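Each chain gets a letter, A, B, C and D, in the order it is written, and its residues are counted from 1.
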Amino acid sequence: MKTIAFIGLGNMGGPMAANLLKAGFSVNVFDLVPEAIAKLVEQGATAFDSATDAAKSVDAVVTMLPAGKHVKSLYLGFVDQDGLLDVVNADTVLIDSSTIDAESAKLVANQAAEKGIEFIDAPVSGGTAGAAAGTLTFICGASDAAFDKAKPVLEAMGANIFHAGSAGAGQVAKICNNMLLSVLMVGTSEALQLGKDHGLDPKVLSEIMKVSSGGNWTLEKYNPCPDVMESVPSSNDYQGGFMVDLMVKDLGLSQEAALLTNSSTPMGALARSLYVNHARQGHGRRDFSSIFEQFSKK
Amino acid sequence: MKTIAFIGLGNMGGPMAANLLKAGFSVNVFDLVPEAIAKLVEQGATAFDSATDAAKSVDAVVTMLPAGKHVKSLYLGFVDQDGLLDVVNADTVLIDSSTIDAESAKLVANQAAEKGIEFIDAPVSGGTAGAAAGTLTFICGASDAAFDKAKPVLEAMGANIFHAGSAGAGQVAKICNNMLLSVLMVGTSEALQLGKDHGLDPKVLSEIMKVSSGGNWTLEKYNPCPDVMESVPSSNDYQGGFMVDLMVKDLGLSQEAALLTNSSTPMGALARSLYVNHARQGHGRRDFSSIFEQFSKK
Amino acid sequence: MKTIAFIGLGNMGGPMAANLLKAGFSVNVFDLVPEAIAKLVEQGATAFDSATDAAKSVDAVVTMLPAGKHVKSLYLGFVDQDGLLDVVNADTVLIDSSTIDAESAKLVANQAAEKGIEFIDAPVSGGTAGAAAGTLTFICGASDAAFDKAKPVLEAMGANIFHAGSAGAGQVAKICNNMLLSVLMVGTSEALQLGKDHGLDPKVLSEIMKVSSGGNWTLEKYNPCPDVMESVPSSNDYQGGFMVDLMVKDLGLSQEAALLTNSSTPMGALARSLYVNHARQGHGRRDFSSIFEQFSKK
Amino acid sequence: MKTIAFIGLGNMGGPMAANLLKAGFSVNVFDLVPEAIAKLVEQGATAFDSATDAAKSVDAVVTMLPAGKHVKSLYLGFVDQDGLLDVVNADTVLIDSSTIDAESAKLVANQAAEKGIEFIDAPVSGGTAGAAAGTLTFICGASDAAFDKAKPVLEAMGANIFHAGSAGAGQVAKICNNMLLSVLMVGTSEALQLGKDHGLDPKVLSEIMKVSSGGNWTLEKYNPCPDVMESVPSSNDYQGGFMVDLMVKDLGLSQEAALLTNSSTPMGALARSLYVNHARQGHGRRDFSSIFEQFSKK
């Protein structure tokens, strides 16, 4: 595999495309923002005037877009405009790394399959830091064949490449994981604040729970209580990290998924309500661990 | 330190006292159930007719009782009956390993301090299996001096000995941890079921989330979805393990603690409601991971 | 206004069409189930072979369908089939009384408006009893002109005709009301059970709360605790009334609406979770006041 | 009945005692704040130096105190100080109108019964406005005989006098009602905001829901959305009315009651969490309908 088209060069997509260049791939790039294209061209990428031009005759396409509607119109086209499915070679593997609803991912995968093209949903976790370092986690929904084909491309950008199941399964698994993450974050915040309210040192309490049955990722890597861990957003006035608004988006996707299958997710639904309230009070652009402040006294 | 009095020889206390014997301590025992005493005598313990008789002239006392009211009456006495505080030597260290409310623990600690006696709250986690194996976790509320004095005794019964803070802090930390555990269990259950409802294999989804930001103790050690892990209650019709009724008790203690300090624990409160409903529908004596069944279809 | 086409003659639509006949309208009917048509023909309606045939040259069309997708395909058509918008006269007023998502209602209203046709969303409450008695409540989203035109038709089927706002507003108001109803039902159930658990007579407690600040529709008309009121489902083993499955559907619509506007509805979301769990445990076809049983002891 | 002792002359107690004077009773008063006594003396009351002095040889005692601990020590005495039970005549009826936990109320009632004295719990609702106007609601836990004896006194201060059951039942019923009220308030707030987010006029939506199955006391009397009703706190920047801190106190009592009987109140518990968060963000002294602002955008 030699040439890859990369569409969507934002905070995540830009560094991901750069890592493909570093790994020795030829990379065709397109974005609606000219500055984003220019930055990648400096690093060795080839600029194109449209997504369809960039994607013609490549071995793989990687897309990184904001929402399901963008993914659908880019791949399927609209009105008088061709979609990627209309222009790519039959042996090009299509990789969408956007975080979107599973229904849209399945729809595009099915349309691609009808044309004999492989499309995989491969949402990521790890944030902008992981994108820059090439240590992202990819969670893929794909046939075995497509997964094997995409893997070398993904390995140039990430450290963990999971195969969750068939088309759409990557999105579902990402959504389940992020819903659970929000529950861990809220649950850990309220447990730490309850301890603090009773006079416990949150560092000591965190150490105890981390190695006990309350142990979870947020205690390990992302403690929400200020000054318990260094170099995490909570010790930097909740700047940087993963924004509340993005968690609200992901929790919206999880609730959409729960509606489709008549599933019940009381904790996930409650987490969404608390995060929406938090965002509405003006905290949308702060790190998602700032939910801790809903429990602490002003 | 040579001689220890052990009061309360039930499913937890019995094996704990046995481990003290194995470690070479002389152990004076008392329980309201004669059979429980007899079992320990077979293993080398000395039987006494009352808790106060057992506790006279020992180096340490360990108690393992159901609730705060039992702890208060045993240590403080009532009406015409002496409490342990009335009979023990001033240099005996008193260790209560019951899981009770922090207020009761503090009250006894304060009364003991007035008499110049050291009392520590040292609730455990690890269940009956940990009690038998001597691998319990002890979470202690104590002065530094009392903690140092108690540590060799606790090490004969457990693998992890934490010092959470001063009097009552052991109970608070245990309560915070178990509240968080309940949130992990419910949140993990609903995430796994949401994935299942969308056709994902719960084993694959568990593997992915375990090493991602959804990672937590229940995915590591105690998966609630049947047939994902071997040798856990969920793969044995939710028999054994930690009963729903005991989780309801611990969640009651956490809500009691939250009321005392006007703290807010939305996830913990919701977990309590779901566990109470589950218990009321007849599942009180099943393992607490059976909450998974609230989300799966009959 | 003389002639009305009625499409969808199920448990609700059948008696509604019958009331139009009683009020002196000529009624053209269509349903996919021949028996449903036959029943109305007996009462004086005229049968047609298709919805489009029934709707040609009438003064008003009323539709009563299960979900948004049915409403969209009936009005907008699909593939080679005409929709109602393709065949009706420009002065025919179109009234959809289905309970569906507001987005679908707005979409059809906009398409109709482009052709100069008035379409109003007019979901009902009052159940099958209200449909039979002609005492339904209609909550309408419509222009003032369309509302005035539709009103005489609606008055033949209902007792209260509300104008909630422009296109889609009828669906939104219905959804908000039913979400609030679910919260009243769950909140009242847990308050009554809490009182019962403390030895209060639920009849006495209901009487007190009904005229106090806890007063609400469920205490007035639909007490969920068995044997407090006569002639309500709770006193008849929760048979009849409004099914749990239908409440789950309406709560799904409310959560869908909340996702669209990034709104937070913690109580509504929790009610949905509790109702979904209740349905999954096998209670989907019982009355929605049976949620009371989630709180009472078996 | 001629002479009544009134202990506790705060914002509620002061106007209640004044209404007893207006109704022609002789009133003995005591409070820890001399100004509060002076105000009542101006209106014709007789001042005393202690509660016990005021309560000797009267026909009835009414007390209005902040919490269970005050009620217990006033009636039962402590250390070297007599309680009211030690000094009143056997035929004096004791009426406690404080809002406290049912356990404390039952304890005092039982101690009184052992001395052959009638004690009733009679918490009120209606706020300071109702206290001034003499239109309070009294919810009583009492024997039939005691209730009949107390009724004429209560009727001088209130408009509705309910007999909820035996000792403690007044407190339980009040707690159940206020828990339900909080659920109505939060549920109504989120339903109105969801409608607003979709472009509905909250006045129109309120009118519709008020007469539909979403109807409840808050829509009738206390709409939380600004500018829907006149003369309610929401139209006056949430000043006046019933403070968030008082709702937090009452919700604490309801959760305490739920813990005692292992009852599940998911909505009440969630309401408490939301109100505690609201208070911690600095809104404790605003009206409890200000919870609406948790859902609206800043």
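Note that contacts are C-beta pairs under 8 Å (C-beta built on N, C-alpha and C of every residue); 3 or more make two chains touch, one makes a residue touch a chain.
Computed from a predicted structure; not experimentally measured.
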**Item:** Mutual neighbours - chains that touch chain B and chain C alike
**Value:** A, D
**Asked** To bring chain B onto chain D by a C-alpha fit, how many degrees must it turn, rounded to the nearest 5?
**Response** 180
**Fill in**
Distance between the CA centroids of chain A and chain B (whole Å) is 39
**Prompt:** Between chain A and chain D, what is the separation of their C-alpha centroids in Å?
**Reply:** 51
**Prompt:** So which bits of chain A are touching at least two other chains?
**Reply:** 262-266, 270, 274, 277, 280, 294-295
**Request:** Would you mind writing out the residues of chain D in touch with chain B in their complex?
**Result:** 248, 252, 255-256, 259, 262-266, 269-270, 272-274, 276-277, 279-280
**Complete:** The answer for chain D against chain A in the complex is residues 270, 277, 280-282, 294-298
**chain C partner contacts - residues on chain D that touch it in the complex** = 102, 125, 137, 139, 160, 162-166, 168-169, 172-173, 175-181, 183-184, 186-188, 190-195, 197-201, 204-205, 207-209, 211-217, 220-222, 254, 257-258, 260-268, 270-271, 274, 294-295
